[in-house]
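Some structures are shown below for you to check.
Shared chain: chain A. Partners: chain B in the first complex, chain C in the second.
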Partner chain A sequence: MKKMFQKAAAGGMAVVMAMSLAACGGSSGKDGGEAAQQGGASADGPITGQTLQVMISEEPGEGDALGNALKQWSQETGNEIKQIIISHDDMRSKFPSMAKNKDMPDLVATTFLHQLYPEEFVDMSGVVDLSKFNQSALKIVGKSYSSEAITGIPDQFTTTCMFYNKDAFAAAGIEAPTVDKPWTWDQLYDNAKVIQEKGNVKYGFAADVSRARYDILMYANGGSLVEQDGDSFKVTVNSPANIATLTRFVQANNEVMPKAIWAGGTTDNPVEYFKNGDAGILLSGSWNYNTFASDISKFEFGVMPTPKGSAGQSAIIGGEALAIPANGKNVELAKQFVQWLFEPEHYAEFLQIRKEPSVMNDITYTPDTDKAKEEFAIMQNETNYVTDTFMVDENSSWRNYKDNEYRDSLKRAVSGEITPEDALNGFADALSQSSGWAKGY
Partner chain B sequence: MKKRQQAFCHTRSFWMFVIPSLALFGVFFLLPLGLSIWFSFTNYDGWKTMEFIGLKNYRDILTNGDFYKTVWRTIVYTVCNLPFKIAIPLLLAALVTSKSLRGTTLVRTLVYIPVLFSALVAGITINWMFGQEYGLINYLLQKIGVDPLQWSLNPVLATVVISVASNWISAGYYMLLYVGGINNISKELYEAASVDGAKKTQAFFRITLPLLMPTTFIVLLLSTVNLLKEYALVQGISLGGPGSSTTYIVQYIFDQGFNQYRYGYASAAGVIISILFIVIAMVQFRATKGGGEV
Partner chain C sequence: MEGAGKRKLEVCLVTILGMAAALLMIFPIIWLCFSSFKPSSELFAYPLHLFPQDPDGSAYQGVVEDGLFTYVKNSLFLAVVGTLITVGISAMCGYALAIYRKEISYVNKVFAVFLLGTLIPGEILTIAQFTVVSEMGLYNNIWGCILPVVTTTTGIFMYRQHYMSIPLELVESGRLDGASEFHIFRALMLPLGSSVTITLTIFSFMWRWNDYILPLMVLSDQENFTIQIAIKSYIGTMGVDWNSILAASILSIIPIIVIFIVLQRYITGGLAASGVKG
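Moving on to the complex of A and B:
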């Protein structure tokens, strides 16, 4: 009896293990089989009756333009949609494993994967007519970091911009700058001090914790991370101009900004500070506009042009692109959707839901109110301030070598742990060592 | 013949029960350990690049000032927290096993509940409580007229918050170990001490504490290891900031590997730290004689 029990237990365990192994190993084979069996694929006409797997970075919310477009396309073509949600941070670590295991979705909505791993994605020049698109957007959002290939088509096009609390400005007796008469960065810091004192806000100025936001200051003052050096680049992130910019930024954090945010000791979001009426001016981006319009009721907000530095104004554009993994199961189906989306009538409808600057020439978003029209015009104008130095930095693909270390260096300088000079020198050394580029300073 | 057959059956049963555990141990511990050691000699970036580079990673680590700062910070954090990791659960256990107190079952349950929380969830909750602008604690401080404290800006305060959270989340588990230890002490010893006129505090220091040495050793060892590899809690509370003032060694390794894609370098750091942890554990074993001798 005892032996029988032992045998039964061992046999049961073996069966369970075998089943679990089979369950783990069998999934891809099953999917492949399903994909092959799904009918309707035709080289001549549109593909029907298949499932398009789309990887997105967040749960679709209200005004889900991409989701709406996918649904409409699905109804028109008779294909199914399956959405996979993986956060931006997780995409970074999970995508290489997905690529290794050849377990790719058919379409990815991403801010960086197609640029970081261009060899894993389809070249979009063979999918859509690239001349119909805003070339800056294609270059910054769609182009690979390491080649000229356009591996993604922007479905979301954003620009950095500045929001302000109109009530706080009025209380402090400060007039907002205009496109024709922008402030300088020094004026912004000075006015932020006045707003903090008299504008009924805790902080005069707040900025997203993103190196892309900080870099606006750097480019405005004529700085850059790298400079072209023949066919290569040299590291210039620790130039005297950049050290001066960071020193001033650290000072601003001590005087008029919520220092804990940039010092890296909290996960507080400066956007919430602005929405709660605790910050007078916010450096963030156009993607916040619609949320602000619906959520802010305590005060009136506005959009103001970015201040000038010693070299002029600057802005950083960015966004999310639709990219097609080359090893996806339904590459042709994904191409079909992208082509459909960027047909003028479909994209115009998409843009009215997305409510943001357009990536296609000749198609623009038309806001409902005059206030929104004016403010969108300011944001659209910001895209003209993209500097050549930013383009050179982007072309260098410096983020392939070092990325988070830059923001961490800035944080350590703001926290007072190291000096701005040490922070930038340390990052310059690290970038130079990783990239093999010489140091300019 | 029959005996040999019986022995064979026993051996076979033994291996049938052991093999699944051994397989899991091999796949999830030995294999990653071996891979990690191998990666430490390469420039593996987590995907395509993996060239053998000899001892370069080890040389880079051992000449990196940030690495030493992080190790030192981790050791200071561990040493400063260890007394609390032992004293608080011991005190709680002494209280909840006391016959003269009521409601001890409820206290036991309440103290144990945080053990069930995910460290990350606990960290995020503590982060919310100690938030500088919108945190509960600063709100209450302001309500009673005290200036809000700079939890997120002052490295010492940030470390204190993490330490409080770490003790809060682990106290229940160690308390249970101590409760088990206290319940195993013969009641006769206390009765004899009482007859001899010993006070309760004397009984605690002369009987309870010495006889709990094996338990204390276990608590000491587990606490040391857990403090040295504190990760999820810190991620939830401070993300290693302000600056890098609460970045401990596991954050450092994680950041090098998963954020900066230096898997080889991170693996080498992991190997060095593993050796360091083993040495610390061995010293503890030696110093306390494994808790076996009172």
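Moving on to the complex of A and C:
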């Protein structure tokens, strides 16, 4: 009960503070406020002797690429760095309270603030040359939810991908698919069954309990949550193609997956199942790669391309962006850092530490080993499979109306509580009612 | 003799049950402690092991390097100062509500209003508290986390109930001897309420130590953060640094355990005393 009140209070706080944002922020336009003029800015050269306050979402661990870049920039320019660490979930409450007290950080590394409160952030088109960046990444990670403005530049770029247990594949006599010759989803389910029987693993296939992971099946089979309908959208989540996809997924859960995970019987993380050698194939994301490389010693793992559906392959991308609050004390200094970071030599160095797919067009991460090179090439290639249907869904901002209800509907179908058809019809009704969008089916 | 044997058996059974219950309660802490020494590859490995197979204390080193002691110091200041003020205010308020109940007609009505306040969950008040803190210029100041929460109806209630169990004649005799009201409170009544003081000290310390929402909203300099905010920062968007969370959690509960061990014998007495009706 206490936790419920805490959540309610935090939520209420966020709402009240968010309302106050309208009064506090956005007054200084996209190029920053008065404070920006007081930060020691000089039209003739770089700013020095100032302090850049950076808000990040977690205590930096090993391979702190952003921290390393900030340190290097600080040494080169003679500016100080001051970090404030607010966990991802708490940023939703903390940021509005900072705005209310005119205590904005100069730079924020966030996955959502710049999209949720775009009026509070500097438009990045005036800071860096956006044409040098992966446009899909900019749209998904950097763009405002309510306009076309790019209010953040991705500093972390992730993609969904598939990992597999090489030892289990060898034991089952199965050859991994290649980029040129990917499996179909039906082949994956069939092979998962063989791996489960002969590969010395408990489960042939496991997937993160995330609608963003499930949705790559939907997009691969030509489905989508909504479709463009003139200036608006129509709800298509309960299309026949989507019902067929969910029906097959439910079947796979009954046959080759740890059903309790998606059915809601456990909070176990399927990533741990894979790390322990209990799952032959894992649908997760590129952010796990470095952890797997350091933690998995019982078997050899690999990365394989996502299977094809009836419409082709699909991937969902995401990540974190660097955003500059328009009312920060040192807006120009923050711009200076962002410009510095995305200079090719600095970003290349940054990427070597970050060990992730690149967000800049002409720069890629070069791993140390041939194995890692091959696997990163596969992950980078996955970013090409982002479908137009995913982009339309993202543009609709459907999550503003219903979010967790979608995953809950999927889980209820997997558990057998309701049929896949009822699950998707129910969610389509709920989304249509909340959003005011017509139903396509 | 038969009765004595039966009594021994009962005591024995109750003791065993009590020990089993205690073990059940403490087991998560034991698991937490051992897990904090496991490398990340062992944390979720099946089959589960209580003891780390390859003990590793690097998580402790990591959290200390991340500035854990600064956060502990801030939390200690918040908890100690907050507790001292809470106990002081509660004792005086409880004294007034108990001793003046027959002299001032509306005292019981004031107390009823206090009790009504307990129906409002503390978290609901956070928005109002934050607004007041901001207007008072206490944003990003540790006092902004202390002052809004120093009054507690629970503490006032405990003292009031305890003082009501003490004959009013004792206060009257003090007055006849020429003692001031504050002297009667400090020298006569406060020592008599020591069990309540200790109980409230323990509770208040735990409340302030575990405070999360208000410090999160009020504090904005990393060096002012409390241990609870620091622990949450190990939960990232793409993963959770369980090793650091476990190590920081173990270190964060040490002060609470020390306080409890030192003062535990008074807890039961204090609670019992506060429940006595005058």
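Simple rule for what comes next: the second predicted complex is superposed on the first by the 383 of 441 C-alpha atoms of A that agree within 3 Å, B and C clash if a C-alpha of one lies under 4 Å from a C-alpha of the other, contacts with A are read in each partner's own complex, and residues count from 1 in each chain.
Quick note on the criterion: contacts are C-beta pairs under 8 Å (C-beta built on N, C-alpha and C of every residue); 3 or more make two chains touch, one makes a residue touch a chain.
Since the model is a prediction, treat every value here as computed from it, not as a measurement.
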Is A:Thr158 in contact with chain B, with chain C, with both, or with neither (first, second, both, neither)? second
Who does A:Asp362 touch here: chain B (first), chain C (second), both, or neither? neither
Taking the superposition on A as described, I'd like to know which of chain B and chain C A:Ile85 touches: first, second, both or neither. second
Tell me which partner A:Lys100 touches in the superposition: chain B (first), chain C (second), both or neither. both
Partner chain(s) touched by A:Pro258 [first = chain B, second = chain C, both, neither]: first
What's your read, chain B or chain C touching more residues of chain A? C
Just chain B (first), just chain C (second), both, or neither: which does A:Asp278 touch? both
Contacts of A:Asp180 with chain B and chain C, given as first, second, both or neither: neither
Share the list of chain A residues that count as touching for chain B in one structure and for chain C in the other. 6, 10, 13, 93, 100, 272, 278
Chain B to chain A touching residues, read off their complex: 9, 13, 16-17, 20, 46-47, 127, 131-134, 150-153, 158, 238-245, 255, 258-260
Can you tell me which positions in chain A touch chain C when the two form their complex? 2, 5-6, 8-10, 12-13, 16, 57-59, 61, 82-90, 93-94, 97-98, 100-101, 103, 111, 158, 269, 272, 275-276, 278, 285, 287-288, 291, 295-297, 320
The residues of chain A that touch chain B in their complex are 3, 6, 10, 13, 17, 93, 96, 99-100, 202, 258-260, 263-268, 272-273, 278, 402-405, 408, 411-412, 414-418
What residues of chain C sit close enough to touch chain A in their complex? 40-41, 44-46, 66, 121-124, 126-127, 130, 134, 139-140, 212-213, 216-217, 220-222, 225, 229-230, 232-239, 241, 244
